[in-house]
Amino acid sequence: MSDMPEHTRNVGDFARLDVDRVRRRGYPEAIYCEGKTIAQVEAIAGVLDDEHPTLFTRISPQQAEAVLAVLPDALYDEVARMVVWPPQEPEVSGVSVLVVCAGTSDLPVAREAMLTARYLGRSVDLLADVGVAGIHRLLEHEEALHEAGVIIVVAGMDGALPSVVGGLVAAPVVAVPTSVGYGAGAGGIAPLLTMLNSCAPGVGVVNIDNGYGAGHLAAQIAAR
Amino acid sequence: MSDMPEHTRNVGDFARLDVDRVRRRGYPEAIYCEGKTIAQVEAIAGVLDDEHPTLFTRISPQQAEAVLAVLPDALYDEVARMVVWPPQEPEVSGVSVLVVCAGTSDLPVAREAMLTARYLGRSVDLLADVGVAGIHRLLEHEEALHEAGVIIVVAGMDGALPSVVGGLVAAPVVAVPTSVGYGAGAGGIAPLLTMLNSCAPGVGVVNIDNGYGAGHLAAQIAAR
Amino acid sequence: MSDMPEHTRNVGDFARLDVDRVRRRGYPEAIYCEGKTIAQVEAIAGVLDDEHPTLFTRISPQQAEAVLAVLPDALYDEVARMVVWPPQEPEVSGVSVLVVCAGTSDLPVAREAMLTARYLGRSVDLLADVGVAGIHRLLEHEEALHEAGVIIVVAGMDGALPSVVGGLVAAPVVAVPTSVGYGAGAGGIAPLLTMLNSCAPGVGVVNIDNGYGAGHLAAQIAAR
Amino acid sequence: MSDMPEHTRNVGDFARLDVDRVRRRGYPEAIYCEGKTIAQVEAIAGVLDDEHPTLFTRISPQQAEAVLAVLPDALYDEVARMVVWPPQEPEVSGVSVLVVCAGTSDLPVAREAMLTARYLGRSVDLLADVGVAGIHRLLEHEEALHEAGVIIVVAGMDGALPSVVGGLVAAPVVAVPTSVGYGAGAGGIAPLLTMLNSCAPGVGVVNIDNGYGAGHLAAQIAAR
Amino acid sequence: MSDMPEHTRNVGDFARLDVDRVRRRGYPEAIYCEGKTIAQVEAIAGVLDDEHPTLFTRISPQQAEAVLAVLPDALYDEVARMVVWPPQEPEVSGVSVLVVCAGTSDLPVAREAMLTARYLGRSVDLLADVGVAGIHRLLEHEEALHEAGVIIVVAGMDGALPSVVGGLVAAPVVAVPTSVGYGAGAGGIAPLLTMLNSCAPGVGVVNIDNGYGAGHLAAQIAAR
Amino acid sequence: MSDMPEHTRNVGDFARLDVDRVRRRGYPEAIYCEGKTIAQVEAIAGVLDDEHPTLFTRISPQQAEAVLAVLPDALYDEVARMVVWPPQEPEVSGVSVLVVCAGTSDLPVAREAMLTARYLGRSVDLLADVGVAGIHRLLEHEEALHEAGVIIVVAGMDGALPSVVGGLVAAPVVAVPTSVGYGAGAGGIAPLLTMLNSCAPGVGVVNIDNGYGAGHLAAQIAAR
Amino acid sequence: MSDMPEHTRNVGDFARLDVDRVRRRGYPEAIYCEGKTIAQVEAIAGVLDDEHPTLFTRISPQQAEAVLAVLPDALYDEVARMVVWPPQEPEVSGVSVLVVCAGTSDLPVAREAMLTARYLGRSVDLLADVGVAGIHRLLEHEEALHEAGVIIVVAGMDGALPSVVGGLVAAPVVAVPTSVGYGAGAGGIAPLLTMLNSCAPGVGVVNIDNGYGAGHLAAQIAAR
Amino acid sequence: MSDMPEHTRNVGDFARLDVDRVRRRGYPEAIYCEGKTIAQVEAIAGVLDDEHPTLFTRISPQQAEAVLAVLPDALYDEVARMVVWPPQEPEVSGVSVLVVCAGTSDLPVAREAMLTARYLGRSVDLLADVGVAGIHRLLEHEEALHEAGVIIVVAGMDGALPSVVGGLVAAPVVAVPTSVGYGAGAGGIAPLLTMLNSCAPGVGVVNIDNGYGAGHLAAQIAAR
C-alpha cells in the first residue's frame, strides 16, 4: 500500500515480513509455519535474502518439502521441526548456553531450543534425560551447570527440574514446560505451573513446547 | 404443526427457517453447517428464495459440493468456509468496514468476517499481517485506521492488537480472537481474555474464530 | 428412627456418629468442624465415649473453646487447628512415619498430619524447611529418609519435593499439597498437579491442605 | 560424560537409565514409551540386563513389535499396553493386593495396575464391574475387601467407588481415576476430584489412568 | 411504561414483579435477596399480596429485619436464610418429598430445599448425615427411600451420595451439590461434577447450594 | 464368585449385569458401549433375556453390527447411536414427555432422549429447531408446552432455551446441554453453565450430550 | 523526561495522563480508581482541566471523598461507583442508547453504563428487571427495543437476555455479563460464556461488570 | 540434626536458612514472609549476619514492625512490602536494568522488582504508566528502551505491553503479570497468558505479582 524504504516486505497480500527486525532488534524474524498453507510458506521462501539465517519453525514435512524445493541447500531437522536457510552457522559470540532436558520425550523441544540459539550465534550444549526422579543423574553434572552462561531447562510431567537447577547456579534459567504427560494438568499445564511457582528465584518461563522462544531468549541473555 | 403466515419455513422435521428475520431484524438468517448432515444442508438449499443472499457458514467441502449441486451459481469461498447464494453482492450502504488481521494464520477468520459484512451490504477492506511484534507495520497504516467507520481486529496468540488499535481511533472495534497459537491458553482462550481485558475502551468481543459474528455485528454498526 | 445395636449414635437431628467405624475399619471417626455451628460441635463433644481418642479437625478458636468447656482435659493444638480427647496418646505400633515439610509456611498442615498419625498409634518425626531450592538441606537427611516406614511430604509453591524424595527411597510417599503460594495455580492447584505428575512412582496424593487425610493414610500404611 | 561406577547407563545420547534404582529404592526403573521413537525404545531394549523384570509401559503396538524383535520371549499384554522382560514373575512377598474396578471400560487401567504390582513381587487379585449404581454388587464381596492388604480402586464417571470402599475397610486404598466418561469433567477430571474429596479418609490418589503408578505404590505399601 | 392488566407489578424503577407467574406456571415468584439493597427488599415486601406464600431467599439478617418490620408475622428461618409470608403452609397435595443430606454441614441447603417444597404444597421429610463413608447409615433407611415420591440429595465433598441413592430407587432424584469442602474442586465444583457424571441414571442436578431450586423442582415433580 | 439368587449376571470376568435393577428400581440396566471392545458388547448381547427392552447406548457402527449378528431383530437407530432389543415398544403409561430441541445439530441427542423415554414406557413427542434467536418459533408452540407432563430441553451454543421454556410452564424441565458450539465454553461447558444458572426455577440438568440420562429421568418423573 | 507539546501530562512519577486522547480518539481518558491510593487519585483530580467531563470509575467512598474535597461540585453516583467532573452533561448527539437490565441486582453495572454513555454525549434510557424467566416482561417493551439505536444488555445468572434481545432487533447489542450469581460459573463466567455463544448474531461482549466499557463502546457506535 | 560446616542455619525447629546460597549461587536467600508468624519472622531477623543485604519480601506491617524492633536501621518500603537489612545498597556492577510499568496500579510490583535488582547490585530505573492504550507514551521513550541491558515489563489487564516492548529491542525482557484487573481472567491470569503467548520472542515470564522473582532474574541476566 505504501512505498517506504524497506522495513516491511510484502509477500502476496497475506504476509508482511518484518525485514527491519535485524536493524531494530539484532535478530531476524522467523517464519512460524503452523496455520500457513504450503503455498504461503513456499512464497515466503522465495523472497528471503541470505544475509542472516532464517528459521522456519514448526514446519510440517509437506511444508519442508516445498521450502527445500525452493532452497535446496537449506538444513532440515525433522526432530526439531525446523528448516534453516542459509544453513551456515553464524560466528559464535557471547557466553555459552546449556540445554538440560528431563526426559527422552522432551528432546524435540530441547533440540528446537538448541538449534535456535546456535543459529543466533551462541555456543550450545545439550544434556539429556536427567530428571529429578534420579537426582544423582543431575548432580553428576554439577560442574557443567556451573560453567554455563545461561541454562535452558526443558521438562514435562512434574516440571520439577528448573527448581532444582535454579537452586544450584548463578546463571539465569530459561524454563520450557513441555506437553509430555497425561491426566491432570495434561498438555503441559502441570509443568508450566510448577515452573511459574519455582521456589528457586532466577527462572524465566516461556510457553509450553516453545523451544524456539527459549532458544531466542537464551541467545539474547548470552549476548555480550 | 400450524399454518401461520410464513414466519417460519419448515424443512423436513429437522429445521424451521426463520424467514421472518429480514422483516424483524433487517438481516437474513445464515445456515450454520457444522453438525448438520449433508442431506440436511442440501434440503435447506432447496427451499431458499433469492430475495437476499443466504450465507452457509463453516461449510465442509462435502457439504459445499451438495449445495452447489442444487445451486450451481452459488459463490464458494474455500478459505472462509462459506457458500453464498445468490452470489450477487448487495448494494453498498452505511460507513466502511476495515478488517485488520495480526498474522497470516488468522486469514481464514478475517476473510469470513469480510465476506459476511460485504454480503450484508457494507464496503469492506482487509489489512493483513500487522501484528504488534513489529508495531511499525501497523503505524504505517494509521491513516486507513482513522478513515474506517468500524474496525474488525482479528488476532490469535497474545491478542494484543485490539488494545493498540482501539487506543488509536474513534471508531468502535469488533475484536475476534482466533484459535491460532498453542500451549497455555490454546484454542483462543489467551487472545479472548486479552481482548476482554483491553486497556483501551471501545472494544466489543465475539467468540473465538467467529468471523461471521464479527462481520454481522460490524455491518449492523456501520448501517446508517 | 430404628433401634439397632449401636452402629450409629444420633446427636440431635443433625448428626449420626459412625460409632461402628472402629470395629469396621480399626480407626475412629473424626469430627470435621468447618461448617458446623458451635452448638453442634458442643453437642457432639457431649456424647463421645473415651475408648479411643476422637479428633476434632479444622476447629476454630470459638469451637475449641466450646469443646474445652465440655471436655476440659482435651488437648488443643492451635497451629494444627485440632482438639483431641481423651488426650492420652495410644500405644505405638507399626513402622515409623516421617513428615517432611518444604517450607516454614507449610508447618500447620504438617503438624495436623503428625498429630493424626500419632493419635492413630504411630511413631512420628517431623523434618521442616527442606525445600528443593537448596537441595543439600534435604540430602543431609538421606539416612532419616531411608529409615522411615512411610514418608509424608508436605509442600506448596512448586510442590517438587515429593518427586525428589520419592526418587530416593523404598518407602511409600504420601504427598500433601498446600495452599501456600500465589498467582498462577494458587490455592494449591500448582503443587497438586506437580504431585499427581510426579516422575517418581510411589507417590499417593491427598487433597490440598489435607493433613488429617495424609496422617490417617500414613497410619494405615504403617500398621503392621 | 563421566566414568563412574554404573549408576547410570547411557543409551545413545538420548537416555540415561537409572540402573542404581534397585539398590536405592528396591524397585527397577520402568520405560515410559509415550513420546519415544521406535528406534529409541528398541535401543533401550538392547541394553537391559535380566536381573529384574523391566516394564515397558504405555507401549504402542509398533513399539511392542520392535521390543519383541530384540527380546522375543518378553511378555506383551495388549490390553494393559505393557511389555515385560524377562517374563518370569518374581517370587511373591508382602501382603496381598486387590484391584477393584468400577466398570468394564476401566479394565485396561486396572490390568496395568495388576501387572505392575505382580511384577514387583506381590500377590494380586482383580474384581471387575462393581460400581456403586448397583451397590449390592460390591457388598457381596465385602469379605474379599476385608482380607486384602492394600486395595486399588479404579473408576471413571462419578469416581464414587473409593469413598464407599474406603469406608468399609482398614486397609489403605490407592485410588485411580480413569478418563472413562464424557461431558463435564471429562478426561478423568470428575473422578479425580471426587477421589481427592473422598469423605472416607485413607485414600491416596494417583494421576488419571496411571495404573502403573497405582500398582507401584500398592506394591510398596504391601511390602513387608 | 405501559398500563396492561396486571402481569407485572413495578416496584420503584428497579423491580418488575412477575405476578402473572401463578396463573402461568402454578407457582409464585420468589425474591432472591443477594445483591439487592435493604431498601429494595423492604419496598418489595410492601407491595406483596397474601394469596400465596412469597419466599425471600438468601436473605441476610439485616434484610430480614427490614422485611419483618413490614410483615411482622412472617416466618424467618435463619439457617435456611429464608423469610416466608404469609407464614401459613399451603394445603398438602401430590406425592411426598424426602430430603437426604450427606453431612451436618450441608444442613442449611437441605433446609432451604425442605422449606421451599413445603411452601409449594408438598409433604417433606429430612434425613441428615447419611454420607457414603459409613454406607450402613444410609442402608438402614432403605425403606424410607423406597417410599418417597421424589428424593432430594444434598451433598458436598465427594458428592457420591446421589449415585448410591439413585441406584436404589424408582423415584427421580434431584441432586444438589454444596460448597462444603476445600482444596481441589472447592466451592462445590467437585460434587457438581460427580453428580453430573452419576453412573446411576435418574439424577437431575441443580446449581451448587441451590436448595431453593431443588425444592421447587421437586415440588413440580411431586405435583399430581 | 458366589451363587446367589440372580441379582448379578456375570459375563466373562469383565462384566456383572445388574439384573436385579428392574425389581429394585423398576427400570432395566442399559449397556453403555463406549470403551467396551466389540467382543465384550457381543458377549453381553448373548446373555440378555427378553423380558424388558435393553438399550445399548453410544454404540459404534462396528459394535452395532456385532450385536445385530447376535440379535438380528434388534432396532438400530444410527442417529441416536442406539440398539434396542427386543424392539417392541412397551405399553405406554404415565403422563406425556415433550422433547424440545434448539437447533438441527442437537437432534442426535434429542433423539437418544426420545427413544429412551419411549422404551421405558412413555408417550414422547419431539419439537425441533426452536432456538431463542427467533423466539416466535417457540411461542407458536406454547400450547404444546403447556400440555406436556415433562419437558426435555436440548440445546447447545448459549443454552438459553431451558430458561425461557422453564419460565412458561408448570411442568418440570429436564435440561440437556450439548457439545454443539465452538470457542469459549466449547464442548458443552457454556450451555451447561447457562442451564445450571437458569433464572427460572424448575430445571434439572444432566451431563453434556446425555440424552439417555435425560430420557430416563423424564420417564421416571412422568411415571404415575 | 521529555518536553513535548502536551500529549501526556505527568502526575508525580506515578501517572501519565493521556491528554492527547480527545484529539486522537474523540473521547477523554477515564481514571480507573481500583488499585490507586487515595493520594494518587487526589493528585490526579488536582491536574484536570474542565474541557471535557472526566470520569473516575470504580471509585471507593474514601477515594470519592478525596476527589470531592478537590473538586467540590463534581457529581458522585454511589451506586455506579463513579465521580464525574465537571458535572455538566455534554450536548446530546448521535442515535439513542437503551440499557436493558435482567435483574435488580444488575443495576449498579447498568447505571455505570448509562452514565458513561450519557457523559460521552448520548441520549440514554434504562429498562430494569426484564429477565427471560418471565419473557412477557420483555416483549411488552418490544417497541422501545426497536426504536433504540444501540442496546446495552446487562445480565448475570444465565445471561440469556442478549440472545433473545439480539434476535428481535436490527440495532447492535453490547452485552455485559455481571458477577451476579453463585455456584458453577460464578463471578460472571456463566453469563460471559452464554453471551459469547449467543445464537443470535449481532452481539459484542465486554468484560464482566464492565459497565464503563459498555457505555463507551455504545457511545462510539451511536455517534453520527 | 548434624553439625556440618555452616551450609544451613537452623532457626528454632521451623526454619533452615540456606546460608550456603551466596557461595553456591552468588545471591543470598530472601525471607518470604507470607504464611510465617510474627514470632518466626522475628526469630529469623535475630540470626542474620550483615555480609549481604537480606530481603524480607511480602512483609505485612505487623511483621515489619517486629523486624524493625530487632534491626532498627533496616530499610522498610511499605509500597513494595519489603524490609532490607543491612540497608546499604551494594556496589553497582553489570549492565543496567529498566523497569517499565503499564499502569499506576502496577507500581507496587514494579517497585518490588526495582528494589530487588538494586540490592543484588544492579543500576535500575523505573518508567511508569506507559500502557499500550496510548502507545505514543511508550514510543516517546524508545531511546531509553534501547539503552537498557535488561527490561522488566510489569502489566495487568490485557498484559499487552511486553509484546510491544519485546518487538522493539535487542535486550531480553522479563515479563511480570499483575493481578490488576477484574472479570474474565482476573487475578492476573489474563496478562499471564498474554505474556506466555507473546508474538515477539525474547520474553521470559515469572509468576503473577512476582516482582521479587523478576528483579532477581533481571539481576542475574544483567551480571557481567
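As written, the chains take the letters A, B, C, D, E, F, G and H, and residue 1 is the first residue of each chain.
The rule is short, and it goes like this: a contact is a pair of C-beta atoms (placed from the backbone, for glycine too) under 8 Å apart; a residue touches a chain by one contact, two chains touch by 3 or more.
If you're wondering where the values come from, they're calculated on a predicted model, not measured in any experiment.
The pair with more inter-chain C-beta contacts, choosing from E-F and A-B, is E-F.
A repeat of the C-H interface exists among G-H, A-C or E-F. It is G-H, with more than half of its contact pairs matching by residue number. If you average the Cα atoms of subunit A and of subunit H, the two centres end up 26 Å apart.
Measuring from the averaged C-alpha position of subunit B to that of subunit H gives a distance of 44 Å.
For the pair subunit C and subunit E, the distance between mean C-alpha positions equals 35 Å. Among all residues of subunit A, those that touch two or more other chains are 103, 133-134, 167-168, 183-184, 189, 192, 196-198, 207-208.
Listed in rising order, the residues of subunit H touching subunit B in the complex are 102-103, 131-135, 157-160, 163-164, 166-168, 181, 183-185, 189-200. If you check the complex, the residues on subunit B that touch subunit G are 24-27, 30, 167-172, 174, 192, 196-198, 201-208, 212-213, 216-217, 220-221, 223-224.
Of all residues in subunit F, those touching subunit D in their complex are 1-2, 4, 7-8, 13-16, 18, 20-21, 29, 32, 34-36, 40, 177, 179, 187-189, 192, 207-210. Residue ranges of subunit A in contact with subunit D, taken from their complex: 103-107, 126-130, 133-134, 136-137, 140-141, 144, 180, 182-184, 186.
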